[in-house]
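Starting off with a structure, shown below.
Note that the chains take the letters A, B, C, D, E and F in the order they are written out, and that residue 1 is the start of every chain.
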Amino acid sequence: MTPALLAVHDLAVARGGLRAVEGLSFTLDRGQALILRGPNGIGKTTLLRTIAGLQPPVAGRIDMPEDCVAYAAHADGIKTTLTVAENLGFWAQVFGGGGVDDALAAMDLRALADRAAGTLSAGQKRRLGLARLLVTGRPLWILDEPTVSLDQASVALFAAAIRAHLASGGAAVMATHIDLSLSEARHLDLTRFRAVPGKPSIPAGFNEAFA
Amino acid sequence: MTPALLAVHDLAVARGGLRAVEGLSFTLDRGQALILRGPNGIGKTTLLRTIAGLQPPVAGRIDMPEDCVAYAAHADGIKTTLTVAENLGFWAQVFGGGGVDDALAAMDLRALADRAAGTLSAGQKRRLGLARLLVTGRPLWILDEPTVSLDQASVALFAAAIRAHLASGGAAVMATHIDLSLSEARHLDLTRFRAVPGKPSIPAGFNEAFA
Amino acid sequence: MIELGKYAVTVWMAYGVSAILLVGLIWHTVAANARARRELKKQEDHG
Amino acid sequence: MSIWEYANPVKFMRVSGAMLPWTVAAAVLCCVAGVVWGFLTPLDYKQGATVKILFLHVPAAMMAINIWVMMLVASLIWLIRRHHVSALAAKAAAPVGAVMTLIALATGAIWGQPMWGSWWEWDPRLTSFLILFLFYVGYIALWSAVEDPDSAADLTGVLCLVGSVFALLSRYAVLFWNQGLHQGASLSVAPGERMSAIYRYPLYLSMLGFFLLFLALLLIRTRTEIRKRRLAALIAREMRT
Amino acid sequence: MIALLKRDLVLATRAGGGFGLAVAFFLILCSLVPFGVGPQSATLRPVAPGILWVGALLSCLLSLDRIFALDHEDGSLDLLATAPIPLEGVVAIKALAHWLTTAVPLIIAAPLFGVLLQLPAAAMPMLVASLAIGTPALSVLGAFGAAVTVGLRRGGLLLSLLVLPLYIPTLIFGTEAIRRSAEGGQAGVALMLLAGISAAVLALVPFAAAAALRINLR
Amino acid sequence: MIALLKRDLVLATRAGGGFGLAVAFFLILCSLVPFGVGPQSATLRPVAPGILWVGALLSCLLSLDRIFALDHEDGSLDLLATAPIPLEGVVAIKALAHWLTTAVPLIIAAPLFGVLLQLPAAAMPMLVASLAIGTPALSVLGAFGAAVTVGLRRGGLLLSLLVLPLYIPTLIFGTEAIRRSAEGGQAGVALMLLAGISAAVLALVPFAAAAALRINLR
């Protein structure tokens, strides 16, 4: 049996020097998707950034193979003066992957390939941001509100891309407020893991050390 | 009978020197809401900016009383170093309105009133951006994807605010991809009005003049 | 009175400027401390 | 009990609260005594009454340098051991150091007027103090510009590290650039070039006074910072619930 | 309008607002020049008026992009354009706020930097006077440049290119006034011309800036 | 890494990328100085090396905030931090790109501006050499400053405040080398020291910059 791609043990993450979510454990195998839910401000973004390795966890452990995450947030890292194809090509080179053409096709961006990215509409930009995931070749996708600004047709494209990724042995963790009709995904509501204020033994930052 | 708050006659709007939408006419009375729909890139944002007076129409007419629109887009005009209350207070003063407290209450921001706006989560920021509409005192709201990043509870707050606004004689035009469950709103699909490429008599800009 | 000779102005100026700077620093330190103590007390009494 | 225990804010408040009255009393005593004694010293045969400036100028100059070193040590402790109070102490020390630098610069400038005939000369000693002042200003500005306290502590710590190296480098660069007019160090251990005892002892006393003054100010300012942090932390926690 | 001025001043004094940084930059510049030029007062003295004005000008320049760019990025400018304030008023207020937060501290600190550069004491009043009269024009012209470049991401360098040529007359008359009074001569004419430029700029340029803003918002 | 370098260079040469603006700023600065200082070659000649170096330094400075801020704003930096390139490598590449797009054009253009400021012909080779040796350190130190201030909105002025004191040793040795060779003396020692600083900075500072970036991304 293959080990889980991502295993989270008793994790606590903090934002602004205060714990947001704590006591969180889950595992994610290849081929699985996990959807994080919870009200505004509970700490979904913070949790995703921690898993992506952009900030250290306050407590607990995150086990996963090295170099396996691809992160996508609101800001898509799109350079407005480069064309759509150049933008994708750059990330493909950085991650040593390829498949720019396939990614363009998957996100229905072929017709826009030679447009400067700055002249795209909000939804078109978002599609470009998601296409980037396809060229990274990374197995674990970390997605923060991926379908913002997308119309129904594009949401369907996105769901198809996720399914293909899962089918090829990938996995995905995403935060979203709307229904993605990804029936195979597990849901995890963070409300249960909201950090309770108190004096912890290891402060998460200044705000906990002095509270 | 009161005249319509907003009357649009045979409007054409352009983006990047090319028409996006043309031949559009509609009227909006007080107490009505209009939801614009259409696939990504059809020209919803462009149309809303034109109605708000931020860019001139290419053809057609927009009739409405002076100083009656309040515009809200993705960028909410929030100053990260001011507190939530200071941000709202500023806009209230600029628009000569008041009601900062009511606006805070309506968007469930009371508890966050003294927080620096930069430390809000994505959804909390969005709520602040919407609260700004309430303090403008303007009758016509122009909203571009207002519910992005909002959780279900906040979407309900937003719908309640819209209903109250309509009930008090206001009106709203908004673009969105998701269902707001505002049953009283009219829907307008822009797909029918997509501009057909061709040589128009009055070019919308350099791109059309030389096409 | 101590005899300062022709450099009286210079010496007094040096002492004066230093005194102003030091008093300013001390005043700021003490005032900020008092304000912080007051505000913290208010907060702690409330909650 | 190890010394690290004092890094706990509650412990620090208790210990510093007990120390504070004694430190303040000693600082006032030594400062006043040193400066008054210095003021009563006889005139120098060459420099006239201006030697009396020595008892402000030299202690301030020494503290200006030593406070930066103290900030460097505190920053290192924060970066390595993550003791929050240590970072706040570095933050609290910076304005004191900046003012000490200003006093050294101001008294020096005033002294230079009769001695060298101008308020300001680009002498290496003076110039490196000006540079030190710039480093203080940059450090303070960075603390106030970064909102998140954890990031601010980390970033200023790194800046202090890099800044120390470059402050030292600038000192040598400036020496290469201009030879200068300023006095050499006459408090050095080498006998013969020592200044006479009438000036030396009051100087020692006012140096001690300035050090104690710094210590007292540091304690008070660190306590202020702790209170401010605690207030912010309580508000932040209240928000979150 | 008052609300806007008040907000801009508050923003400038809050964390990261940049209040006082212009003075700090000016200080650094005035101390860098001797490092480059050499420490002898014989070389420093003749160039001091010029360096001081060029330094004031550059410090002013560096904070120009803040005038509109921040408000453009976070969407405030769109909202202000639909607010019941004329855009010309917005420009004027923002230029005023820039002047208050950047130029005024600079004017106050200038004599100190004059000392560093060995400017003769006789020229100090003229240094302050010429800066006080000339800097309003710098802020307004800067607001114009900022309005023209507001849509561009990080257009700071382009902004400098556009604005610096516009600053040249102010610079020439400003330094001329200081130089003449440093040499014990009459500086009245230069000062009058400086005042004339400032008055004309204050009266006319806000309209051009508002027009540029409207185009950039489209 | 090559891909990153290539992208940065392409971005710099595209519209609004700022390529060439540094030279233009340098040109304007060098032409402003005679307006401020007076056109006589007797006053210009002694200050020429200093003005040239200070000008180069300021032109360099103005484009520093682009190094990371643009990538931070559009989220590229988050993505680069999760990419299979060490962050130290990212810093080094970005400093290199900054040097190639800002300093190299400046070095090539410098003799021209030397003529404008009446620098003796004998000092020209040393001007080019000292700039070529010193500017890499400026770019790397600038990258450090940019990394420290990247989270701050429009931290440009603070960036200058932090970086300029770090530039002082480079500036001193750079101008000292030109001055000595203009006076016909030996400039070897100054040049060696300049090279030493550059080498040490290139070797060590990227680590500090990467640490600062990590803190700011948190």
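Quick notes
In this text, a contact is a pair of C-beta atoms (placed from the backbone, for glycine too) under 8 Å apart; a residue touches a chain by one contact, two chains touch by 3 or more.
Remember, predicted model here, so these are calculated numbers, not experimental data.
Judged by touch alone, the chains other than subunit D, held in their current positions, sort into A, B, E, F | C. Chain copies subunit A and subunit B are related through a rotation whose angle, from the C-alpha fit, is 180° to the nearest 5. The most distant chain from subunit D, with centres taken as the mean of CA atoms, is B. Centroid distances built from C-alpha atoms place A farthest away from subunit E.
Counting C-beta pairs in contact, the pair that comes out ahead of the other among A-D and D-E is A-D. Subunit A and subunit B have centres, each the mean of its CA atoms, that are 29 Å apart. Per-chain CA centroids place subunit C at a distance of 41 Å from subunit F.
Centre-to-centre separation between subunit B and subunit E, using Cα means, comes to 37 Å. Between subunit B and subunit D the centroid-to-centroid distance comes to 56 Å (mean Cα coordinates, whole Å). The multi-chain contact residues of subunit E, meaning those touching 2 or more other chains, are 15-16, 21, 24, 28, 35, 73, 153. Shared interface positions of subunit B, defined as residues touching 2 or more other chains, are 74, 80-81, 119.
Shown for subunit D are the residues in touch with two or more other chains, namely 131, 134, 137-138, 141, 145-147, 150, 177, 230, 234-235.
A list of each chain pair in contact follows: A-B, A-D, A-F, B-D, B-E, C-D, D-E, D-F, E-F. Subunit B meets subunit E in the complex at residues 52-56, 67, 69-71, 73-82, 86, 90-91, 93-96, 132. For subunit C in complex with subunit D, the touching residues are 2-8, 10-11, 13-15, 17-18, 21-22, 24-26, 28-30, 32-33, 36-37, 39-40, 43-44, 47.
Those residues of subunit F lying in contact with subunit A across their complex are 2-4, 7, 10-11, 14-17, 71, 73-76, 78-85, 217-218.
The part of subunit B that touches subunit A in the complex is made up of residues 16, 38-42, 45, 74, 119-124, 127, 145, 148-154, 177-178.
Subunit A makes touch with subunit D in their complex at residues 16-18, 20, 195, 197, 203, 205-211.
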